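Below, subunit A partners subunit B and then partners subunit C, in two separate complexes.
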Partner chain A sequence: MAAIASRRLAKELKEIHTQGCPVGIQLLSADNFEEWHLSLEVMGESQYQGEVFALKFRFESQYPISAPAVQFIVNERYTSPVHPHVYSNGHICASILGNEWSPVLSVIGVCVTLQSMLASCKKKERPPDNDRYVRHAPDNPKQTRFHYHDDTV
Partner chain B sequence: MAELQVPTIDDLRVKLCYICREEEQYDRPETQVNKSAWVHPCNCTLVAHESCLLEWIKTAQQNPSRAENALKCPQCGAEYEMESDNPPTLRLMNFVNRLLTIGGRVVLAVNLSTLVVAFGTGVYIVSTAYGLHAMQEFLGKEMYDTLLTDDPNNWPFHAWFNLPLIPISLVLSRTSLPETGFSTLLPLFVAWPVTKPVEPKGPTSFLQLAGNRLSDYFPFVPEKEGLFSWPPGPLMCTILYISVRTAYRKYWNQFAHWVLDHRPTVAPDGRRRRRFLWDLDEDGAGPLRIRIAANVLGERRQERQEGQGERQRQQAGQQQQQQAEGQEQGGHDEDANADDNEPTARYTGSSLGRLIGGALMIPKISSYMGSLLYQLSQHSTILRRFLGIRPPLSVGLRLYENVTPAFAKLTPAQQVAAYSRAVLRVFLYGTKQWSEMDPVWFRNTIGLGLFVVAKDCVELFYAWLSKKELESRHVKTRPFRGIDARGLDLIPPRVAI
Partner chain C sequence: MQIPSNNPSDALGSTSGDLPSTQNEEQVPTYTGPGFITEIPELAGLTPAQLYELNQGLMDEAMPQRPLIDQIVPMAVLRAEYENGSASFVKQIDYLVSQSYTGIRRTRGDGDCFYRSLAFRYVERLLNSQEPTMSVVTAISTLESRLPMLEAAGFQPLVYDDFYETLSSIIRRVVQPDDSGTTLTLPLLLEAFQSPEVSNSVVVFLRLLTSAQIRTDPDEFAPFLFHPEIGEPMTPREFCETFVEAVGKEADHVQMTALARALKIDFSVAYLDGRSPDGHVDFVKFNEGVDDGLDPLVLLYRPGHYDVLEKRTDEVPLVG
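Take a look at the complex of A and B:
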């Protein structure tokens, strides 16, 4: 792991510890600079009231030049939110995790963006190509070339 | 005056790189370990290490989908301005590089087209060779040597189009688009009969062709037999062939429908419907059997439907109206079962092979049938006369025999008349070679026709047998042998009163 990546992640971690997370976001685990887990909850009135999700961040050595691989954790405890841009295996079709990633974003920044993505959802449904995608999806969502449809939802 | 100076990056007390999040404080020198220069490239408050920013820009530019955002501030969207040493040498080399890229594309395109052309040429050569073989089979050796020969130098120019078209047309003629298949062969039939025969002594120049030698093969003077000799010329035969074929197809279809006892399916707009089905791993019954099964089943359903219609009729008592309705219903039913009744061109791996193989066998078959007819004609004068069999010309063509030396001395009116007669003759009998030589092609055509009829008969017989078998099918019922009768819920035996 390149020095820049670990130093930057150390800084982000320190900020989380000193300043705390925004409402609805909690750090679950950050034992190393390769994989972090955070929990996500949509506050206020929304389609996802009372639901808690977990996000998995995977960092490459090129972070923050390269985007982290972010997905919802799907296991016996957590599920992936039913959302038109979230596949049932937890993969997220969001441009900020792909070609619109920029180093100005951070782990907390991504969490907040995803939180507002869920909060603005009007109708809970899976992406239209969910079944097909999930059948052939790679383990790492960064290997998928998503076509970002609309940013309004 | 108040704004003495616009602050720059160097005036910031705390500098935080938005990429690596390293901090540098003006009053704490121990934070200034990173020697990298700082930049403020945009309009907002983001600052960064120049090395970090360059790294980011370089990475983003390498990814085509991100390249357009590489030189933009992620926060305010302002364009970064890049400065770099761009000496003329580098610019020249960049230019050359771009040219090479374009050149590479051109080379690729040329290579691809070469490949296509090479492949096309291969197909062309093979098709031409096959066409040549087909012509030899069809015309017979003697006429082939006069009209075409093995030497491509002697070929008339239209041979280069017509020969390679032969295999394609043959295959097409066996698909469900016979009209197209035939139309591609048509130029062949039209062009060849009026073509000058090959000059055995080397190629003929165009001047000679247009000049005095025209009379060598263009029959200015009627033959001794008169205007009506047998067999007709190739042009006449083509026309006859088309009409006979069309009529045959029409009546044969009617006959086949009568034998198999079903009506041809006609779409509401009167066109025949065709379905194409590609099924390369076929199994079980062949397409013919399936088609017949579909027809039989469709009919059974229809009968049931009609029966229902009849019951309705009795109930309502308004016979005529109901009858019409019943018929309509029948029609609907046919529509609904279009999948079953539609004539389906079902292409399976083997049927495709049969189609192409069978098509390419046509010249061989027709040649074989022709020689069979020839053998038979040895025993029958009528057949010999019908086929117009002539002894082969051993001494070459009698080319000059009929040319009138006085042709030049005729009046213009007589010349026109002579010309018209000649044209009519070519139309009816073809050029001299065609009318003088043993008409192998004629008996081959007749032979092929007979073969087609025989084949159709066999196919129809097969279809009829299959249909009979299908119609007679029932599932055999068995007694409950070996099963305890007490365990079955049986009708109580009638007690005698």
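Take a look at the complex of A and C:
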């Protein structure tokens, strides 16, 4: 892996360890500079009260110039939140993870944005094209060119 | 703030039909996602995976792998691309040549071309300086003095440190040997700017500087912040997040004004828009009134794309 991603991720990791994560976000694993897992919980009143989700970040050598691949983990322990921008396979349709990604964002920054995306959800439902998308989706959500449903996230 | 009569955003799109097809690098077809594609009957039978492949094929065709930034070529090369297309562009190219702009250094049409072109010339001018040490010290102290502005704009050192380090170490290398014992030369500079890691890091740093300049001086910039497609006014924060900080988002007038100010440099942009009846080309000046003794920094704009304009036809540096 090129120096830039590991240099930046090392700094982010150090900051997480020294300053801790924002409320509702926890580091589950960060053993390398390729893939990190974090848990995500919406605090206060919301559609997702009591639910804990997990996010998987995958980094390319050009991170943070290129966006990380971010998705909700779906396994025997975690599920994908029911949300109009989140597919049941955990893929997320959010412009900040695509064409509006900027190196100003960090792993924690992405978590906070997704946390507020969930917090502001009015009605739990899947994207209208969920079944069709999930059937054909690539493994890596970055290979999908999402048509962003709206620009509120 | 200067508002030139020739606004590049007007030119964008409205005249792009005049470009030869190989020049349409900015106009990449977009795949609108699996849920929305069935409106086009010919594509309805394809799976999303097939559509993705189809789209990737189109993108690869539309974006030939031009180096991120290339060697200088004579203007005749550019002229040849327009000879069978637009007479008005050819006329304007001839006008530029008559003004001694005989060469062009082209960049990849990836939306970062303004920042990359400008950054390359910014460092190259230091290499050409009569008093390189003085020029390097001035550039470094200007950049350093901008770091508090980045923080004031809300960027953590974690976000900009590495990018700043990349740019400042290239600049220092103009006069100070690096670990390998060599100082910067034009071929080494070109090599650095052709490597995605270095080149893109510098681009990102210039984007952050541009954004910070706009965010920390809202009185100056807010009246000019509009969504480039829908024309709605935007707040500095929205504008910067979407159209300055995001990688691959092309720069327009506001960004250029802000960056000239942040870097304390003068530069001008020649607008090759194919709309001048007599072939005249407007040079829009981004003028901070700097007296740095460096050779002029001139970019060439064609609808949707920026390159570096040169008064030489190949890499041999200008004497004196």
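By definition in this document, the second predicted complex is superposed on the first by the 151 of 153 C-alpha atoms of A that agree within 3 Å, B and C clash if a C-alpha of one lies under 4 Å from a C-alpha of the other, contacts with A are read in each partner's own complex, and residues count from 1 in each chain.
Please note the rule applied: a contact is a pair of C-beta atoms (placed from the backbone, for glycine too) under 8 Å apart; a residue touches a chain by one contact, two chains touch by 3 or more.
Worth saying up front: this structure is predicted, and the values here are computed from it rather than measured.
When both complexes are superposed on subunit A, subunit B and subunit C clash.
In the superposed model, A:P128 lies in contact with subunit C only, and not with subunit B.
Judged by the touch definition given at the top, the superposed model places A:E12 against both subunit B and subunit C.
By the touch criterion defined above, A:N140 lies against neither subunit B nor subunit C after alignment on the C-alpha atoms of chain A.
In the superposition on chain A, A:N32 makes contact with neither subunit B nor subunit C. Contacts of A:S102 after superposition: both subunit B and subunit C are touched. With both complexes placed on chain A, subunit A has more residues touched by C than by the other of subunit B and subunit C. When both structures are laid over each other on chain A, subunit B collides with subunit C only at 75-83; the other stretches in 75-83, 183-191 or 219-227 stay clear. Residues 4, 7-8, 11-12, 62, 64-66, 99-104, 106 of subunit A contact both subunit B in one complex and subunit C in the other. Those residues of subunit C lying in contact with subunit A across their complex are 30-36, 47-49, 52, 55, 155, 158-159, 161-163, 196-197, 200-201, 204, 207-208, 211, 241-242, 245-248. Residues of subunit A that touch subunit B in their complex: 4, 7-8, 11-12, 62, 64-66, 98-106. Only residues 18-22, 46, 52, 55-56, 59, 63, 65-66, 69, 74-75 of subunit B touch subunit A when the two sit together in their complex. On the side of subunit A, the complex with subunit C involves touching residues 2-4, 7-8, 11-12, 15, 61-62, 64-66, 93, 99-104, 106, 127-129, 132-133, 136-138, 143-147.
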